[in-house]
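After this come two complexes, each holding chain A, first together with chain B and then together with chain C.
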Partner chain A sequence: MNLSFLPPDMNWTCEPCGEKLQPGIVELQYVGSVFKVELPVCPKCGKALISEDLAIGRMLEVELLLEDK
Partner chain B sequence: MTEILGNINSVCPECLAQIAGHLVRRGDEIVLEKICFEHGAFATTVWRGSPAFESWFRPKLPFFGGERQQAGKGCPYDCGLCQNHSQRTCTALVEITSRCNLQCPVCFADSGGTEPDPDIETLTRMFAQIVARTGGCNLQLSGGEPTVRKDLPLIVRLARLAGIDFVQLNTNGLVLSTDPDLSFELKEAGLSSVFLQFDGTDNQVFTALRGRPLLEAKCVAIENLSRAGIGIVLVPTITAGVNTSQLWDIVRFGLDRLPHVRGVHFQPMSYFGRFPDEFVPNHVTLPEIMSGLHSQSRGLLKVADFRPPGCEHALCSFSAKYLLGEDGHLMRLGSDKCDCTPISAEKGALTSIGVTARQWGSVAEFLPMAQHPPEDELGKFIHRARTHTFSVSAMAFQDCWSLNLERLQGCCIHVAQPDGRLIPFCSFNLTARNGRSLHRPQLRQKIIAT
Partner chain C sequence: MEQKDLREWEARCIQEEPPACRAGCPLGLDAKGFVLAVRDDNLPGARAILEKSMPLAGLVARMCEAPCEQYCLRQSLGGSVAIGLLERMCINAVPAKTKFLRLPPRPKKVAVIGAGPSSLTVAFDLAKKGHPVTLFHLPGGPGSWLCKVPELVLSEGVLEEELQRLAGLGVNFCQVSVLGEALWTQDEFAAFYIGQDDEYVEGDLLKLGVPDSITFSLETERLFTGGLSVENHKYRFITDVSQGREAAVSIDRFLQGASLTAARVDLRHGKTNLYTSLDGLQREEVVVPADGLGYTKQEAIKEAARCINCECLECVKRCVYLKEFGAYPKTYARRVYNNSAIVKGNHQANKFINSCSLCGQCETVCPNDFSVATLCLDARRTMVQEDRMPGSAHWFALEEMRSARTEGALIRHAPGKDFSTSLFYPGCQLAGIRPQQTLRLYGYLQELDPATGLWLDCCGAPGHWAGRVQEFDEIMKELEEKWHEMGEPLVLTGCSTCLQMFREHLPQINVESVWVLLAEKPPESAKACAPMALSDPCTSRHDSKTQNAVRAMMEKIGQSLTPLPMSGELTECCGFGGLMQNSNPDLAKKVTAARVTQTSSDILTYCAMCRDQLARTGKPVAHVLDILFQDVAHPASEASPSISERRKNRRQLKSQVLSKYHGEQPKATEDWEAIALTMSPEVAEILEERRILEDDIRKVLFHVQQQGKVFVHGESGRKIASARLGQVTFWLQYTETDGSFMVESCWSHRMIIAGGSA
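Take a look at the complex of A and B:
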């Protein structure tokens, strides 16, 4: 599976934990649908980094496609 | 056993005076009962079967913003909108002609053809007024039959120039079937979508409802619109004993014509016009359509798929959206359960404006990308969903028998007038049994219904 949500520069640190983020599989859930994507994840607390590009790009498009009237 | 569920206000079918009544349960039916002290008692079934009536609600925080008229005589006599109306405009409807090229035994609109068409100057002013008064909404061009106007592409262009992004044409499709160039001209002018009157999948239905076998013409119109890249919504008028057994057939017909056919929007027949004394209305109710879709599709669509609206009153409509997978599997999209906490009516309307425009509009711009499908899960979903989502919905209009003023006050579909007023659809079309209209200038003197 070719997952494309890792930033070119993986030099990110989780500020509360002080850990370097590592690639990890994350499940995105939105109104009943689940998508598995690879994102930078903190190995200690499990929080993931979602880049602005992803948030206002493909994630927003999915949100609009799933939105109820 | 009869159980009173609540009080309602309505009108007398004879004199259109505002009268009080109740919603009562009788077996698995919900009946609207009301009494006029001059003309007697009236009862109309407004809900039959599953889903349960008490499960079907979506409360809203009313919206009283925008330009409003003072309420004087009370609902439904002050429409325009009045200060008591609790929703903004989601779709403005403009009747661009009263002429029609199809003399149906039943008619959606006042297509008598006796009044002059509004001229371009008037329509230009109306589009500007719609934008100014609503702050932006979707537009439906209606009639009569709008395609009898030779200047229709110009009218579409003027609506777009006024700042209306989503322009939809409500049509029987006859001219679109005989004039293949018209679809391209309308696309170039900026038309997003066509609401195509489409009552069934065989000619018996068309002959019964429209007086002529029209299936072939409808199919040619769909082909022409598809080639031009205009989104198509199939709109059946559902009539007891005529096409209630074809609900799933119509949906399947539409699914077979994705991506250009974007959905099916059922409209149970309601009764506007003049009716004899012995007439008894026989409304097909929303739950009958939901459960009919469930049983006729053998569970491919389920009653539980459908949700009450976030924009208009809950009892006015239902909808669901599906994704047709590459393997032919139909997957319902959207939330698993209804948000039952009160939501802002204004927010619901704004969401509906966007969702409707995206679902019912053209997807032609995405089709060239179909050659290069992405490889990751999210990308694959987006790629397919851009072109292969399909909506199944219905709207139950109200007539003098079924009118519930609480529903009317939450209406978001408004008929624009040359003087700038925006009149809720069911109020605009409301007629007494003798054909007398509250808001239309005049009605032709024959039985019409939608």
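Take a look at the complex of A and C:
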């Protein structure tokens, strides 16, 4: 899942860091699998934003796939 | 599952047993497949089925006396399907294939003596296998008595054509003046077949003795015989053909030095273990050919349509879930076995295993008691044990169970009592779905017996259904201890599932359905409504006592009940059982929809979960408590409470009991409980579908208040916050005005965000 999941609207600011979210690489893990994806991330504290579309779409699909591995 | 378990499972499902017609065909022809192909106007397909099992199909299809018909299940309902006439019609309509597959030539030569039907069969079968065959016939030409069959039945051209097929397979025809012993003592042949359905030198056949009835081998090595039917035998032709075929099998084995008997498939003579229900079938008369001789294509199609397509599928016919996965239990057992055997790759049967409602209907309707429920539950347990149960499969139900067992749980004697003669155990679903009625019922039980205590808890069924043996066993132990501490009173359950769990897993506890007690003394306030169809919960399947009690109670009250076909022992699951609704919500919806369409009346039930589940379709569904206590009745058309409401209901019921009966101030609520939320009905629906509780949202917001971490949108100022709660990360988009939160959306995932950097 080496993919990019940047929402069209990147106009989000991390509070209280006060930083605008920027594209960044995030490590996700689930049932023993680890992979890197591109997500909006706060450059200061590193917190990532998982959008609704991603969570109920591709991410859910991959979760179910991994559970059946 | 071990391989031997798989064999046992497979043996139980007889769906793959042959239909009676096939079992009654001496050649084992797939007669059902053939008839159905004719029905579907697929004549080339039908002919291909004939060719597959028949030697010299052009001949056999025209001459066979169709002994299969005597076993046909259509027989008692208008007469057996005219398989023989259908075969004739088909063979006349579709030309023969000209090319035959012949195996590579083999070295040893075979002499086939005589040219009756049995000999032609042996020549055909062995030549196809590559053996060099020489057929010895009398000057009249090959065919023996077939040459005397009237032209109308078998035209000369047909026999001619079939003989050419034999020649095409390399059969060498050799004319001799007499058939006799001299022919089966020649040295150049490795084996001899003596077809007795021809004319022989007087006395020579007598010297052969009697052949083995299965292998058709004779005392003298190398000699085989057949074609033994007497002239007026009803099935003379096909019996001789069948004997020829059996002898050919033996000769082939003999030439290869193999055992004549090992793993030989016996003729079935119509015997089969296939079960086929004739329920609801109408009588239909046999189609008689207009010309008195044979069918036209249209007549044949009409006749073939009388075939009832013999098969079992008793379980599949009734179970939406078994239908959904496209096969039947024998195949499913194989899938489940493969699923556990697989090391790398996808576990494709996980979904199947986790979708069964474990309702047990299949076992009840199966002629061999095949329990898909047991198959699936065992598989679930193995998956849990081997740590490969998908985390999401039963997660929500297990969380529900754990919540009901902590924040919703309570056990007390009646106020002012230090003992209980009985404990009312409503079950977590009744408590969550109908808290006020639960309280009202408890009040009534106290009127009947003031020493009735109350026990709010979950029976652990979700843990059991999820295959979590250890967790479930611990719950059982705890429940037993609590019961023991309360002085081991009678337990009165308000839920069939709880009753089933207690009975099956804690047999030492004396337990009864509360409806059995109420059937004796229904409350005065009980009032009948319009007639309704009573739906028994699937966990009451084998509990006729409770089922009858509910009916007796309704009769006393004057509530009339309309019939529901699948009731009592045959009742169906509402879609919640076995956690189907958790692991396969789409399928559960279909199951629920199928159940409510079985009646045009409103439905009445005595299981809170059934009420909740069935009512989701929009069908009016009442709970018996709506009839028993008019003052707290809910309208049958009322929507089901949301998952959030159910949690809140359980907590509130517990504090109400504490304050009303025991004068106790309920414990202070959690900090997060005070957070005020608003949301549109659409958002509420999204939460329900995604199984996100308002409690979860409050916890996320509380987390934000503590940590102060949140994403804010540049223009709109709306916020997104998240928190990991247990195995799930919840995300929330909202706006905040004066300390009140307007929820715009909410989503979740199970993946863990290990770390990120820009």
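As a working rule, the second predicted complex is superposed on the first by the 63 of 69 C-alpha atoms of A that agree within 3 Å, B and C clash if a C-alpha of one lies under 4 Å from a C-alpha of the other, contacts with A are read in each partner's own complex, and residues count from 1 in each chain.
As a working rule, contacts are C-beta pairs under 8 Å (C-beta built on N, C-alpha and C of every residue); 3 or more make two chains touch, one makes a residue touch a chain.
Remember, it's a predicted structure, so these values are computed and weren't measured experimentally.
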First (chain B), second (chain C), both or neither touched by A:Leu64: both
Contacts of A:Cys14 with chain B and chain C, given as first, second, both or neither: second
Which superposed partner A:Leu28 touches (first chain B, second chain C, both, neither): both
Greater chain A contact set [chain C / chain B]: C
Shared contact residues on chain A - chain B and chain C: 28, 31, 62, 64-65, 67-69
Chain B-facing residues of chain A, complex: 1-4, 28, 31-33, 35-37, 58, 61-62, 64-69
Interfacial residue positions of chain B with respect to chain A in the complex: 307, 309-311, 319, 321, 332-336, 351-352, 354-356, 358, 375-379, 381-382, 385-386, 389, 393
Touching residues on chain A, where the partner in the complex is chain C: 9, 11-16, 20-31, 34, 39, 41-43, 45-50, 52, 55-56, 59-60, 62-65, 67-69
Residues of chain C that touch chain A when the two form their complex: 345-348, 350-351, 390-393, 690, 708-715, 720, 722, 729, 731, 733, 745, 747-758
